[in-house]
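Next come two complexes built around subunit A: one with subunit B, the other with subunit C.
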Partner chain A sequence: MKPARFAYAAPDSIEGVLDALDRFGDEAKVLSGGQSLVPMMNFRLARPEVIVDIGRVGGLDGMSVVNGSLTVGARVIHARLEAPAAAMPDGRTEPLGGVLGSLLPEVARFVGHLPIRARGTFGGSIAHADPAAEWCILARTLDAEMVALRRGGERVITAADFFETVFTTSLEPEELLAAVRLPILGDDWRAGFCEFSRRAGDFAVVAAMTAVRLDRATGAISEARIGVGGVAGVPVRLPDAEATLVGEVPGAELHAAAAEVAAGEVDPAGDLHGSAAYRRDLVRAMVARALAQGAGAPG
Partner chain B sequence: MTEISPADVAVPVVLRVNGTDHRVSAEPRRTLADTLREECGLTGTHLGCEHGVCGACTVLLDGEPVRSCLLFAVQAQGAEIRTVEGLAGDDGTLHPLQEAFWRHHGLQCGFCTPGFLMLSTGVLETRPDIGDDELREALSSNLCRCTGYQTIVEAVRSVRDAAGA
Partner chain C sequence: MSWVGRSIRRVEDPTLLRGVGMFVGDIGGAAAVRFVRSPVASGLIGAVRGPAYTIEDLDADGVGNIEAVLHRPDYVRLAQPLLARERVRYVGEPVAVVVGDTAAEAEDLAEQVELDIEPGPAAVGIDGALAPGAPLVHPDESDSNVMVAGEMATPGLAEALDRAHAVVDLETVSGRQAALPLEARGSHAVTERFGGRTTLHASIQAPHMVRTVICDLLGMPEADLRVVAPDVGGAFGQKLPLAREDAIVVWLSRRLGRPVAWIEDRSENLMASWHSREQRYRLRGGFDAGAHLEALQADVVANVGAWPCYPITWGVEPLMALAELPGPYTPEHYGVRSRGVASHTCPMSPYRGVSRPAITLALERLMDIAAARLGIDPVEIRRRNLQSEFPHTSPTGLRHDEGTYREAMEMAVRHVDLGAFRSRQQTARAAGGSQPGIGICTFSERTGYGTPAFAARAMGVTPGYENVELSMDPSGYVTARIGASPHGQGLETALSQIVADEVGTDPGRVRVVASDTDRTPYGWGSFASRAMVLAGGATYLAAQQLATQLGSVAAEVLEAAADDIFLADGRATVAGTSVGVEIAELARIAHHHTQRLPDGAAPGLSAQAGYDPAGTFSNACHVAEVEVDPDTGGVSVRRFVVVEDAGRLINPMIADGQIRGGVAQGIANALLEEVVYDEDGNILTTSLMDYLPPTVAEIPDIEIMHLETLSDATVTGAKGLGEGGTIGAPAAVLNAVNDALAHLGVELNEMPATPERVREAVRTATGTPAG
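So, the complex of A and B:
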């Protein structure tokens, strides 16, 4: 239960981090809050040769609203998303309002426990890529953009291309996930998040996020997003269930119909936390509840 | 060029614990919990699961409760660390939370108690008017195998209520 030996670097600049990653490649692992990586190191499931600690780097923990997106710096701790505040285009820092401003605290409270949320970071969770992690589900559902830096370059990776399989992303060894861009949802969006775990703070067995956009004139759904975690190696979108919703007016019957399609659309594997059939049932329940929550109805 | 500390060499680390600087040496892989116990001699911080689940090793880092088994000592340099040894007064006067855990039978075997005390200290200092539901949620961060938690909740609640009175 003690980690294997590793060499340690704690650069104080992004350039220093990128140099270290460039130099050590896949021998290196980035340490942010350490709330996922260090348990894996303590179990020796992860044995990096070099740890590059980004805890002393400035400039990675900002939140700002730019061009219709909320940019969340990689080192923003989970606790800050319980009451998100961001730098607005006019430079002032304000509490984040709107649909995203309500959604992020709803989701954040499911992330681990209070001490974990005091250390663990948004970017760390995304880069760790646990398929049941709340932020990964949110990123996939909203088509977030991951901003990856490397020495002398930057690229933007969409969530669909970012998550490859369990704990595996398309980040290259010499790349640092610096920030994640989440689209600001207009006030015609309704979003919900629901998760089942056996005890508070545990990893989700299944979690679902939904976001639907309502046509202002008709009240019908013009765009729908359903993302589910805990049923595959990555968080998945459910296009058939999404299609069930489009063109229809939200309501309990419609939500139940979409949830039924969702349950048929996933292909979960069973494990000691729940059989495949049980997870399928949970998908049905979590999708229906997330939709109801988004519509303002009790789940 | 960024400085790299080699894996097998202990590096000098200064930890500020309960207001006192401890100059120790630790390999990069040494957790804060092990360093507190073995290098600083502060064995009040207990280790249960060593992977962040049980909370027995909870300490305050710049005022926030954190798992000291999920933090390397080298990361904690420059931070204000507080452990259970810092709660009671120099003359042995118990901290109000220690008194309350005693009075409300918030412990039996005592193994989890330092972690619960530091968790509650951090919670009440940063959120003195925390609601009952939030307090339960916060206390669910740590594991106790003796009390069934109710007496721990009552102990912490009594200190919150006394402070607000």
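So, the complex of A and C:
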């Protein structure tokens, strides 16, 4: 339970970090909150030769609303999303309102325990890419954009392209995840999140997030997003289940029908915490409940 | 006013709460020992290459084998080497050992050791180990994996079952659990350069016993080994047996002439410490028309892993089941076969409650199922079956002293207001969604096992008695040196209350010295809910002697008759007068003015007593209220009520603490914790991501009430209660889960009742196809 030998660098500027990543390439690992990386090193499942600690770099822990999206700096700790406040276009910092403003705290409380939320970071969770991580499911469901920096360059990666498989993303070893952009959902959106875990604070066995957009005139669903975690190597979207919703008016029967399609649409592998069949049962229950939550009806 | 019976604060706590305790890992100054463990369940060892010591080094030094013995014809006797010799028998078995300057370095060295192991087939679960042609765990010593098999039947059992009004058959399964102390195991040994005496600090429960066996193994006199258990961060039975690792740490320190320490990590602890409770019960209960359990037949199998534990042996689980299965009930006829079967898995040690959580699960499911079958209420069937005449002699000859089996249940049921619960339940059933359920569990807890109880098991080493030495120093403070080895239970506080009452002082003037073979009389340590009964009894007897000595000094000083002296509030007073003297002054006189002592009195103030009763039975009723989500199989425990009768309560707050911790472990047993192996014998639960102890969020407030039926089998009237929480909670929770889903026809008799198992049971009962 002691890590293998490693070297440690703690640059105090983004440039310093990018230089180090450039120099050491895949021998290096970024250390953010350390809540996933350090346990993996202690188990010797991760054996980076160089640790690049980004804790001394300024400018990575901001939240701001720009051009219809919320930019969350990579070093924003989970706890801050329990009561999110962001710099608005006019420069003032305000509590984040709206659908996203209520969704983020709802999701944040499921991330680990208080001490983990006080150290672990949003960007760390996204870069770590656990398929059941709440922020990864949120990013995939809302089609977030990841902003990656490397020495002398920046690129933006969509969630669909970012998550490749378990603990694996399309970030290059030389790249730093600097921020994540989440679309601000208008007030015609309804979102819900539901997860099942064995104990309070555990990673979800299965979690589901839903977001539907309602046609103001008819009350019917014009756009639907369903993302689930815990059923594949990455969080997945369920287009067939989404399609059953579009054009329909929300209600218990519709939710049940979509949940049924969702359960059939996933193809989970079984493990210690749940067989494939059991996970499908959970998808059915979680999707239905997330939809009901989003509709403002009791789960 | 007496100190016994008061919830005074624990003297142990300030140290622990301020983080200034001294655990093995705090000692430091030693090289780090790391064990290289088998990566496979079964195999033949070829070469071991690298910077490590192996069994060959131990053999070259003439180190012996561990022999954990039961003198029974059905018991397979083995000699266990300290490191694997020729074969490995479970994942995690120590094969070699390395020593590094730091823990990280030792881990690096361990990685460099290459083990050539030719993997063989493994016997894993109960069925796998019992199957014809199963791979044998000890092929040279036994042609089957059955290592111990007890059997008995009262005459007329078959006829009684034949004429029963209703016969209920039932299979219950208890998953494998790990005791999971907060502090894993560990040991630290230093050998003096001159004289060669070794001091071992180890996280253990029975220092004297550990000293004896290590000295036997290493061929050294016991006087040359001091064993100390410093602060111990939980043990629960996992630190009762000899750890092979501790013996090797002593050997290394003597061989290398260098302080060495082994601090077990969590993965080692989960994989290779000790497990417990993988058991299966097949019960047949014959009930008469009045719903009385007339006849009980059982077939019990315990998967006991790859090796026995010393000195308890791997008979402990199956033989306890055999002896204690009738529990609090009164079947006239009882028959049982109980086997311990070896497998290529981690060995077993007795974990808090030992077999009784599984025994109680089987019996309490039997009662609930029989009640449903016979159309009566779960409370009513227990009313008709619980012991009510005392002393009660069980079909296996155990004497139950007076208890309050029925009264405890009635009190618990009144407290939860069963009627109101049932109407809430009706409403919830009509509404659908999550379903509330309630479960009752009544049980007896055999405690304070003395020598007679262990002797009945024919153990090669027979634990039992406890010794206590009391002395009062010239300042008037009392030191109690005890053979028991408390590690968090609050025994120091409770013993000081007993001493204070007898000697007329206050508990703040009593110091308890424990867990150090240099400073305490020989004793067996703390396990099996025994310390309060045994060490408490011995303390009480010694304190009475000390009081007599003080009385005679006071009589001399006050020129009164010794019978007229009474000791209270720090003074010795002549009855009916205000004439008296400070006890502290008497202590001075007894040491510094011995010319003033009565003729023939020995100088000083000291007393010694041993105590060795046959044992006593506590009883309790647990009631669990749960909520079950039929869609996910998730269970949450909403309410938990305990009515406990443990005889005289020395410190009620400490008693409550024991119950609370035990119930939490019992809820874990019922719902969460399970050690899982795959079919090849690979262990899948080697971290706390996969082995799931409860957090505070999973445990409700526990409401505790007491009855106090003084035991006539112990000198203090106290009965043990250290294990009761773990014993009753699993069955209460399982009964509650079944109750919640009864309207769907669910029957679930396996624990832990994981969400997946609950969901599966719902699917089966409702005919919903998978997925």
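Basically, the second predicted complex is superposed on the first by the 299 of 299 C-alpha atoms of A that agree within 3 Å, B and C clash if a C-alpha of one lies under 4 Å from a C-alpha of the other, contacts with A are read in each partner's own complex, and residues count from 1 in each chain.
One rule holds for everything that comes next: a contact is a pair of C-beta atoms (placed from the backbone, for glycine too) under 8 Å apart; a residue touches a chain by one contact, two chains touch by 3 or more.
Bear in mind that the values here come from a model prediction, so they are computed numbers and not experimental data.
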item	value
First, second, both or neither for A:L272, with subunit B first and subunit C second	second
Contacts of A:D19 with subunit B and subunit C, given as first, second, both or neither	first
Which partner reaches more residues of subunit A (counting touched residues only), subunit B or subunit C	B
Touched partner set for A:R119, first subunit B, second subunit C, both or neither	first
Partner chain in contact with A:V38 - subunit B first, subunit C second, else both or neither	first
Partner chain in contact with A:A200 - subunit B first, subunit C second, else both or neither	both
First (subunit B), second (subunit C), both or neither touched by A:A4	both
First (subunit B), second (subunit C), both or neither touched by A:G55	first
Which superposed partner A:L282 touches (first subunit B, second subunit C, both, neither)	second
Contact residues of subunit A, present in both the subunit B and the subunit C interface	1-5, 43, 113, 199-201
In the complex, subunit A residues that touch subunit C	1-5, 43-44, 113, 196, 198-203, 205, 263, 272-278, 280-282, 284-285
Residues of subunit C touching subunit A in the complex	102-104, 107-108, 265-267, 629, 631-634, 672, 676, 684-685, 687, 689-690, 692, 694-695, 697-698, 754-756, 759-760, 763, 770-771
Subunit A residues touching subunit B - in the complex, by the definition given at the top	1-11, 16-17, 19-20, 31, 34-35, 38-39, 41-43, 49-51, 53, 55, 79, 109, 113-116, 118-119, 199-201
Residues of subunit B that touch subunit A when the two form their complex	1-8, 11, 27-29, 31, 34, 49-52, 55, 58, 61, 64-67, 69-72, 74-75, 119, 123, 137-138, 140-141
